[in-house]
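Order of writing sets the chain letters: A, B, C, D, E and F. Residues in each chain are counted from 1.
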Amino acid sequence: MKKSEVCVIVSIIIFIFSLAYITSLGGLGYLPPVDVRKLAQIYLSSTYNPFEPTNTSSGYESVTAIVWDFRGLDTFFETAVFYGAIIASIAVYRGVSISTKKKPIGMSPIAKTITRLSTVLIPTVAASIAFHGHLTPGGGFQAGSVATVVIVLIVMVFGLRKVILKGLTKPKILLLRSLGLVGIGLTAIGLVLAGLVIGVNAYIFQNQAKPIAHISYPMWIDDILVGGSLLLFNLFEFVAVMAGFALVLMLFSIEEEEVRKVIK
Amino acid sequence: MIEIFTLAFLMLVSIASVIAAFKAIIEKDMVRAIVYSAIQSAMYALIFYVLMAPDIVLVYIPVSVGITPAILLFVTKKTERYDGD
Amino acid sequence: MVTGNLISIGIIPLLLTLAAFVIPLLSLIIKEKLFYHMYALVFGIIALTYTILNFYLVNIVYGKPIAYFFGGWIAPIGIVYVVDGLSSVLGLLVGIDMLFIIIYSIWYMWREEGIEWYYTLLLLLEASMIGIVYTGDMFNLFVMIELLAISAYGLVAFYRNKKEAIEATIKYSLIGATATTMFFLSIVFLYGTYGTVNMADLAVKARSPWICEVFSEACKFFSAISGTSYGNPVLATAIAIAFALWAFTFKAAIFPNHFWLPDAHPEAPTPVSAALSGLVVKMGAYATLRVLYTVFGLNTLIDIPAGAGLSLRDVLAYIVLILGAVSAIAGSLVMIIQNDIKRILAYSTIAHLGLVFMGIGAVMHGSSKAVVSAAVTAVVFHIINHSFGKSLAFMVSGAYIKATGTRNILELRGVGRLMPITSTALVLSLLHLLGVPPFGGFFSKLLLFNALMMSGQIVFAIILVLSAAISMLGYMRVIVNILVPPRPSKYIGIIREHIVPSTLFIILIAIITSIGILSIVGGIAYLENIVGSTGWIDGIRNYINSVISFYASIK
Amino acid sequence: MSLEQQVITFILYVFPFYLFAFTLYIVRALKGPTIPDTVLAIDALSFDIAAFLALLSIIYRSPILVACTIVLALWVYALDIYVSKYFTHKELGE
Amino acid sequence: MEFPIIVASVIVVSLYVNLGIALYGIFARPSLVKKLLAITILSDTANAFAVLVGYRWPRTGTPQPPVLMNTTNYNESIKYYVEHAVDPLPQALVLTAIVIGLAVTLFIAFIIIQYYRLHGTVDVRKTKALSR
Amino acid sequence: MINEVFVYVGEALVLIGVFCDIAAAIGMLRFPNFYTRMHAATVGTIGGAVVPLIGVALIALGCDWLGSYRFFLAGASIVAGILIMLLAPVGTHVLAQATHKAGLAPKKPLLFDHLEEEQRGGKK
């Protein structure tokens, strides 16, 4: 063991001990507490409140409500971070294209058959997670990442070229992804635009009406709780995340020979 | 009674996660390290489940058990399998 | 206009991000490169317009901080953007500088492949910087810092076939990811103890026993929504500030976390170097200023004496001062022995950020309003000066690089004689950075010196002068090598100056000169009027007031 | 004894056996001399945990927790696919 | 029922130990891929810590996930919900942080592959030796 | 009445699952090499996961104190069970194939490798 490594280990141990000491002195209060923090109580009680329409977020699920309504801006920019990472990766891979001359190899026939079966089953599960995002745990990102399993499996089991031969090319996925992102953005400023047209005060990321902004997305449609903008956000996010992952995995599975033709 | 078992479960899981993380970092073979980190992620997912965060579990399992090992395996396949000496 | 609904504040980062979202759609239809250049230019102008509007609204129309409440939720429940004097000044700086950088990119990146991705990342960079400056929420600050980081990584790795660029990106991104995770942990600690992540709320909670006498309304309002603090807030605050400072000093490239900067900044495309050195590192300084003054400033929990007559605040102040001093000295020392022109400028950035952090440390020691406001003004003024000066210097170096294809100052000998406007710009910008009287750089260094002297840190004031003296050698080496030798025969007739960069250089020279002239005729007093009270009681009270006034207007 | 109490008591008695089985699986997963052993242990462990989580969600009286089991089952299968593709093919995306 | 202090301390300490292990991986292991793996462990640990901070142990009954399930009698069910559900805010923050961490991981992975293409190794020490 | 039937049948299935689980876990720990451990894993996945999941679905149908969400629980358990029944054997198959092909695990107590023989013979 070298001297530098010993230094690193010792400093890390000191770091851990000081953290643990501070926590034991009550740096975080009693863990876990009996009552949640007061802000959390407000979130919990105003997540769904049909009797006070100006102080609610119209969904049963508090996490989705926080993610897309109370703190919608964070999630919007989080999507932007994810988008930025993908764009940066595309920028690294700019000019790389996949030739479809070689045949895809893939795995054994047993795996292929079962994967073909699951390609029907899994998107159904994912779509239900996305549609019920405001009622049960789940939402756009969760559904998108569940649906990604299909893409991973197809790419791994059948081979990348098979996917491309089936017609799922890079521009199409990019199109899908951009549509999802633009949908998120338009949902965010939707009420502001509507407010400009009919002359009502409205806020960015507004979902339900507020005391001084009397305009809202529909909360119910035919006795079904749709949760206003939550459903729209979840759907667009689902599309955007799935397409984003598909794009990334496609870039990853391009073979080295193909890449090296363009990059160094 | 049921709480005691839940808590025992939580303790077991957190200790297993420490061992898995340690082996993942120490291991020289990257594939093995990735598999160990998958164990660690599964343990964390259980912690999230017991701590009543189903949303987090739904997003964490795909990301940490599914996508991150896939990415790391892609990287390992395209680079070197063994690290260090 | 209804209070809390000034859409010009809330829309800018959103608009720029949306503009970036649309580019892949356009890239499927339009292949013409000119379109993307013009697209970025249009959005740069729009962003500048909005930042000017915000500056005008804050400082001239209202005269107090203004806020935008996203979703119409009151402050600790939803996210709020608060623009006070400091934010408006820095937002304006970002708007102006990014417009120059976009214009410069149009010339510099004219024939580059993948220009649409370049502009996507550049727009995201601008959006994230304006977001950082305007946000009034800790977690939103974290998200914006990550957005800043990811677009900066992407831009540094833009020349993907250069070994050094990729190595710099690896260094930058690995340590950056660690630092931002630490910042997330710091937010967790803050939420665990204070039960909130809003900056105004945190500021009130951290001053709880004191502010309730001075300012009972805010105290009542916030404790009704987010309760009181839990556990032992002093310890949690200490650990949270330690983690946060780790992230911020990484972003600002202060001494223990500085090593990525000399690799990353030179290897990026030159317009990006100008953006990184001119603006991105300033965001770390801004975040430190915001967290250490507005949130945990005077009369907070960290003022409680811990032992040996020192409070946590004094310890933090000395840490910041020493780190700043070490960066200032080390940056200027290493600058002397470099041969790469962009690397010299990068080390100079480290030195200048060290000076800025020394100023930040001076404010922490300030015990009277005069000292605090002088120090804050000095810090902001130095940030502005360095931003313009360093952008101009990098742009000039880009012009040389584009003309000759080399970055080594020994190979650039005499080239400056062939490019008169560029060379004038080089000399003036370096004099500005060095701090020679007619230019703004002199006045900001003078202000920093004064602030350090006023707060009693004579040693550090001497270090400031010493750092300037050492860095003079480095700057002089550049000027002597590029300008003094005879014209190199192999470049005669080949090199010519282009119209776009020359115009840009002239505009920037005018700006740095006019900053200097303005600061003689009262510019400093005006700036102090705007930003001076940021760290003092009335500034913090205005900040908190702007957040809670929305609630009153609803009632 | 009402039906509710009876179900909860039953699950209580089942609980320690599951914990015991999990411990053994984890030991095998961490010990596993070869990579396939580890992956196989993770497989069995995760599928059993999926069943166990479904049981837990009855105890916690929050049926919505059960959605996690599906996701866990799906992704562990994907982990198998990755590892075997890694060892049998030259490139993962072929 | 009280939440046993020993369990809480075991979990907290194990999370801190994981934090330390991940930091060791980032600073001391030579391989870039291993550093990336350590970063994912680090961010996961931070997230787990945040969720732990948001946990609660109500006076009666078991804690409940932050999802409102029963709305037949609104006033009663919302009261029960507020008294039993865990804190949703850290979960929302963690959701955001997980996505951000994943995005950064994706990007770093691309850069590591590119690094290998240019340098022929992912070992930091070897590239240092080369550049000298 | 129907509730009790559901619950008792479900509990019986869960008991079978627990037995399979313990047996599989002991087998995983005690068996000498990878190929033999695969047998244990099969018991653990089908017997230890699919059967109890169906049991959980039945119990959930009988638990009327869970409200209308119990149908959701039952449905999700059944879906999970079907998924595991489809995916687990394929996963084990793929893993075994890869292990054999790449020679990852030692075949120490093995006397005769039919698969290798067959593949060699088939190629010739």
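Things to note:
Assume contacts are C-beta pairs under 8 Å (C-beta built on N, C-alpha and C of every residue); 3 or more make two chains touch, one makes a residue touch a chain.
It should be emphasised that the depicted structure is a prediction, and the values quoted were computed from it without experimental measurement.
Look at the CA centroids: the one farthest from the centroid of chain D belongs to C.
More inter-chain C-beta contacts link the pair A-D than the other of D-E and A-D. Centroid distances from chain B, each centroid being the mean of CA atoms, peak for C.
Note: centroid distance chain B to chain E, computed from Cα atoms, is 11 Å. Work out the mean CA point of chain B and of chain C, and you get 38 Å between them.
Inter-chain spacing, taken between the CA centroids of chain E and chain F, is 30 Å.
Within chain B, the positions touching two or more other chains are listed as 2, 52, 54-55, 57-59, 62-63, 66-67, 70-71, 74, 76, 78.
Listed for chain E are residues 17, 23-24, 36, 52-55, 62, 64-67, 69, 86, 89, 91, 93, 95-96, 99-100, 102-107, 109, 111-112, 114, 118, each touching two or more other chains. Across the assembly, chain A contributes residues 19, 28, 33, 37, 39-40, 43, 61, 63, 71, 74, 78, 81, 84-85, 88, 92, 107, 111, 118, 125, 129, 136-138, 141, 146, 149, 152, 252-253, 256, 263-264 that each touch 2 or more other chains. Taken pair by pair, the chains that touch are A-B, A-C, A-D, A-E, A-F, B-D, B-E, C-E, D-E, D-F, E-F.
In the complex of the two chains, the chain A residues touching chain C come out as 19, 22, 25-30, 33, 37-40, 42-43, 69-74, 76-78, 80-81, 83-85, 87-88, 90-92, 94-95, 171, 174-175, 177-179, 181-182, 185, 188-189, 192, 201, 203-207, 210-213, 263-264. Put simply, chain E touches chain B in their complex at residues 1, 4, 7, 10-11, 14-15, 17-18, 21-22, 24-25, 29-31, 33-34, 36-38, 40-41, 44, 47-48, 51-52, 54-55, 62-67, 86, 91, 94-95, 98-99, 102, 105-106, 109, 112-113, 116, 121-123. Residues of chain D touching chain A in their complex: 64-65, 67, 70-71, 74-75, 78, 81-82, 84-85, 88-89, 91-94. Residue ranges of chain A in contact with chain D, taken from their complex: 104-107, 111, 118, 122, 125, 129, 136-138, 146, 149, 152-153, 155-157, 159-160, 252-256.
Put simply, chain F touches chain D in their complex at residues 3-4, 7, 11, 14-15, 17-18, 21-22, 24-26, 28-29, 34, 37-38, 40-41, 44-45, 48-49, 52-53, 56, 59-60, 62-63, 65-66, 69-70, 72-73, 76-77, 79-80, 83-84, 87-88, 90-92, 94-99, 101-102, 104-106.
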